[in-house]
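Worksheet for the structure shown next.
So that you can tell them apart, the chains are marked A, B, C and D in the order they are listed, and the count of residues begins at 1 in each.
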Amino acid sequence: MGKPRVAIFDFACCEGCQLQIANLDEDLLNLIELVEPVEWREAMSEKAGQIDVAIVEGSITRAEDEQRLKEIRQRAEILMALGSCATHGGVNKLRNRVPLEEAQRIVYGASAGMPHLQSGQVKAVHEVVPVDLKIYGCPIEITEFSRIIRELAAGRTPFVPNYPVCVECKLRENVCRYEYNEICLGPVTRAGCNARCPSNGMWCFGCRGPVDHPNINAAYDVMAKYGKTVEDLVGKLELFCSGEERIRG
Amino acid sequence: MAETVNIQVDHITRVEGHGNIVLRARDGHIEKLEWQVPEAPRFFEAMVKGRSWQDIQTVVSRICGICSVSHSLAALKAVEAAFGMEIPPQMQRLRLLCHYGEQLESHSLHLGYLVAPDLLGQKSVLPLIESHPDLVRAVMKAHSTGNRWMEVIGGRMTHPVRLKVGGFTKLPTEEELVSLRTLLEECLPALEVMADALHDLADRLPDFRRETEYVALVRPGEYTFYEGHIGSTDTEETVPPAQFEKVANEYVSPQSTAKWARWHRESYMVGALARFNLNGEYLLPRAAATASKLGLEKGNCNPYWNNIAQMVECVQVVEDGIRLIDALLEEGLDEQSRTVPVTPRDGEGAAAVEAPRGILFHRYRFDSRGFCIGANMCIPTNQNHANIQKDFEKLVPEILDRDQEEIRLMLEMLVRAYDPCISCSTHYLDVTFV
Amino acid sequence: MRTMLQSEEQTLEDIYRPRPATVVRVEDMTRTEKLFELELDSGEPLGHMPGQFVEVSLAGIGEAPISISSSPTRGRRFELVVRRVGSLTRALHHLKPGDKVGIRGPFGTWFPVDTDLRGRDVIFICGGIGLVPVRSAIQYVVDNRTDYGHVFILFGARTPADRLFTDEYEQWCSPGEVTFLETVDKRDARWTGAEGVITTLIPCIRFDPARTVAVICGPPVMYRFVIVGLKERGMAEENIFVSLERRMKCGVGKCGHCQINHIYVCQKGPVFRLSEITDLEEAL
Amino acid sequence: MSVYKLNMEQLRNWVGRLIAERPVYGVRQKDERFVFGRLKKPEELRLDYDVTILPPKKYILPTRENLLAYQPGEHYESLWADEPFVLLGVHPYDFVAIRQLDLLFEREKPDEHYLRRRRAATIIVADVERASDNVFAGCVGTAVVKDAFDGLLTRVEDGYLLEVRGEKGEWLASLLESPSPANAAELSRRNDVWENNRRRLRKHELKVPPEQLGDLLRRSVDHPLWEEKARLCYSCGSCNLVCPTCYCFDVRDESDWSLDKGVRYRVWDGCLLEDFAMVAGGHNFRPTRAARYRHRYYRKGLYVPEMIGELACVGCGRCITACTAGIANPVEVYNRLQEEPHEDDAAE
């Protein structure tokens, strides 16, 4: 069996997640021992046909992008959603809170009506085509990404935690942000980042999206204990997960 | 001479974001020549509306993965301006240090992974691993140094977490600064390898000139990235960041989702070459030596040479980074000044920083509780789009007699020279500020 | 109290280190199950009792608890039957004769073939893959046939295609005094046997509850119903043995995953006497 | 047994000599709280700490511990850590917890990975100087320990008393410069510290006598409290992870880029986490938050005591602080079970 042929595709996003792949630097050499990159617009000029693994970054915002994504799905054996924008819409979905015309008016003013500025509701990748594997984070963590690639290459189901960030945060012995009277989304957010933000003195803002069954009602009820309002909490939850049903109390 | 030239590059590769090149010419007559930006619009200005001041940086950092530190810094400075805050000088210097890491990371990525393949006649960096292993290793060294640098100061390679309104959420330890300093020292030889390679390949950069206006931050006596006023090669007058709209007159072009900008002329250029043309005399010794070795002089108006200016800046930021670290270690990090308290208030603030690709502006307005009621961001690549188009219009007639493939490559290389960051350029100046 | 801590010189074996073993034979059983015959590289017999399990390891993939499906009476080699459900089991399904695996164990308790079962009538009730560990006890009984009374084997599979060990039934029954009944949850075109859940077989057999011991193994949902069925026929909890499955990691009573209330299944199980666990609300 | 008196300077010098001899893990400040960490110089040591975020068990059962290295061909090699080290400033309740782990890792199938680290440890207990917000060690008999340690430090006015025991203790004493034995008055002051700590380390008052807890729990399986509390439970496992007596772990493999070389390691796990009892195919043997929540209180109060004869909560109060939902206080739970007997139970 030859090396799996891998292609990377981007949709609406900051391209920070594919940048993380470039950030592997020396490990890129190890990576290409395991897989064969065949298409990657940001780094190479080649185009490929049939592929084993399609890595898709970004949210889907326009009809033409849905079409492009469906074509990618057809060409790919395995489709991997890379990063928050792809796995659950990420910050892009904040846009869905405002009616499109208003968003266009805010950003493009009087020129908003121009046809190429049209954009539909923001969607995560799985809302358009079936997704085989999600790699969470904004941006993804390269250590996690490279581990998952190795696990896939070794033929095993990648380990993706379904426990909250608090687990990793505790293991790193951080002072809990709630002790500073801050709202931290760690208790409802999927781990895997090694509690990067709390370890850097910042609350968790939920970029990896919720665990399978977040106890969101607890989060709402607990706010009073910290002198916070539900509005404060919702403001935080919305940043990366405004499209998630599971975060609504 | 090709009778008809028909070039349609959909989604030019090896640039960040989506851009198209269209050229149709018949019998030496250009029918259509366009630099198009079809990137999906993302509406960040709408996204930050209604968000708390605490979350602005987190959101706008996501405008661009490659210049997330620049966006973060522009946002923090603008929010702090709106709330009338003073940031302690040491924290300003730490921020600058983080900002330098991004310049190195972005420039080395661009030069090594995106431009080098053009100069060496390849489609990607992959074949270079075999053919030019030393160069590739040097690029990886420089690139990973930039990343590690941002991680040490900002807490992450992309989308920094420690930068916050009022200062930092956490400071690096002195040991971390010491080992960062070692990394930077070790990076200098790698930069030399890159500069030598660029020196040998410089004659493959097309010989093309077009006078234009160059715009960048200026500050007396400094090759500045983080502070200063807006300067131009067309005028002695400088404009404070708070009035950036005077400079970046943006308009929507039918050929792009991103916006275009003009100031004294119909277009201007921002980025490494602009910074060099305005501030070149303030380079530190090593960087200045690199510039003269590569033959870069003030007044250069070959946009392809933006790549050379980026190389010079890599040396500059590492050199100044070492100097900054020495100063910080000398005075000791002051945990007391890590952060100043924030009192949100009804107000408006704007700021400018030099992103790797050029000058970047942010403006926000807040209500009395510190919720954002209006925002505007003006991104370097937007400011360059019109200039790219104008370059196209001068360049194509000069080369129309060449082979179609060669024309295509030269146009692509021109676009790449600007290192356009299209994903962040899809924003629009909201002239009627909401 | 601190004996082991004090004995600085004495170093113990590593309970987490697998022993190398070699795959001797692989046999397809159903769409999702394969049988592996294995041999420890040391040449020693595994030294297990029917009902015990081993931790099977593949480096880089992980470990999984798998019941030993063959009886120790059948020689040095041992057999495992593996259902493909996840990472490790999928990787095992790729193995060919000559490939290596790591083995820890045998671990856990066993069906009391030499005590409670001996001299009594025995009912084996198995659902699906539950037949895998029980087959070891069936072989043991068959190989020591005179030590036991009448043997009943009740087996239920989801569909005819999911039946296991089909070519062995004849051998199991050949010594005589064996009642073998089968059912499937859902018949197919060719199936002429019984259709229905396994509990429907219990009323079909006649036994004396006072002289009989029952052994049950199957999916979590099966136990309650079968137990009710047996109790209705007058069986006492002391004479019913169940083999339970739980999430397991270490297999040696440390990692905590397999706990049923206070009991570590890998230590006090997987085989339990029903009367010992009926008041554990997490057991069944 | 010998007890020495150390003034502050002697203490500092002694710690300096320990650091020169072996890795020393002691208590340091981290932001507004305290943690155990490798000491580089004696000045970093903070014996006046209240409680550390994670218990010192992390040096004997590390948060992530490599167990085996594997090579191609199913070749496994045990990875041992037996370099001697010093654990300095362990509070009595944490020491009791370590002794419980000793029993649990020794019993039935002894865990040599644990035992080697444990043997390599020289443990210096320090009596509590500052009570943490939630400590209740006084209620569960862990405010003071009198044996099994290698060294015991107790603050007296102008310095510390150091008691040493056994071979490791002798080694500790051998590093003292001009050791002077404690006098009777100092010893009696140490008794006062102990008396005082037994009384004062009671920020919560457990009303159930520890020996009756088992029976109380046996009666409380269906108590409505479990549901009531678990409604707010995030299943975040924080209460498990900070607990000095919790020891559940997960085992995972991680290969390097070659894919066939790597390590098998264990990491701390928690029974409150949703997937803790989940098996392939999706069946979860402890599917509800309430069942998982209850399991922890049963482990502390009934299951582990059945195994080793001691209450498996040492009253450090860490879980109370760590639970952002504010529901993890064992004292409150046990008291409520006692004070509000479940109707069904009352009927019995």
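List of remarks:
Operating definition for what follows: a contact is a pair of C-beta atoms (placed from the backbone, for glycine too) under 8 Å apart; a residue touches a chain by one contact, two chains touch by 3 or more.
What you are looking at is a predicted structure, and each value in this text was computed from that prediction instead of being measured.
C-beta contact counts were set side by side for A-C and A-B; A-B has more. Work out the mean CA point of subunit B and of subunit D, and you get 51 Å between them.
One finds 43 Å separating the Cα centroids of subunit A and subunit C. Averaged C-alpha coordinates put the centre of subunit A at 25 Å from the centre of subunit B. Separating the centre of subunit A from that of subunit D, both taken as means of CA atoms, is a distance of 37 Å.
Chain contacts: subunit C has residues 60-62, 86 touching two or more partner chains.
With touch defined as above, residues shared between interfaces to two or more other chains in subunit A number as follows: 154. Counting partner chains per residue, subunit B shows two or more touched chains at no residue at all.
By the definition of touch given earlier, these chain pairs are in contact: A-B, A-C, A-D, C-D. Contact residues of subunit C toward subunit D in the complex are 1-5, 8, 11-18, 20, 57-63, 85-86, 89, 100-102, 220, 245-247, 249-250, 252-257, 259-262, 267, 281-282. Residue ranges on subunit D touching subunit A, taken from their complex, read 30-33, 35, 53-54, 63-64, 231-238, 241-242, 252, 254-257, 259, 267-268, 270, 273-275, 289, 322, 324-326.
Only residues 154-157 of subunit A touch subunit C when the two sit together in their complex.
Within the complex, the subunit B residues that touch subunit A are 11, 13-17, 38-47, 49, 51-52, 55, 58-59, 62-66, 68, 109, 113-114, 117, 123-126, 129, 140, 143-144, 147, 155-159, 161-162, 164, 168-170, 252, 254, 256-257, 423-424, 427-432, 434. Against subunit C, in their complex, subunit D makes its touches with residues 67-68, 70-78, 102-113, 115-116, 118-119, 148, 221, 247-253, 255, 259-260, 262, 264, 266, 269, 271, 276-281, 283, 285-286, 291, 295, 298-299, 302-304, 306-307.
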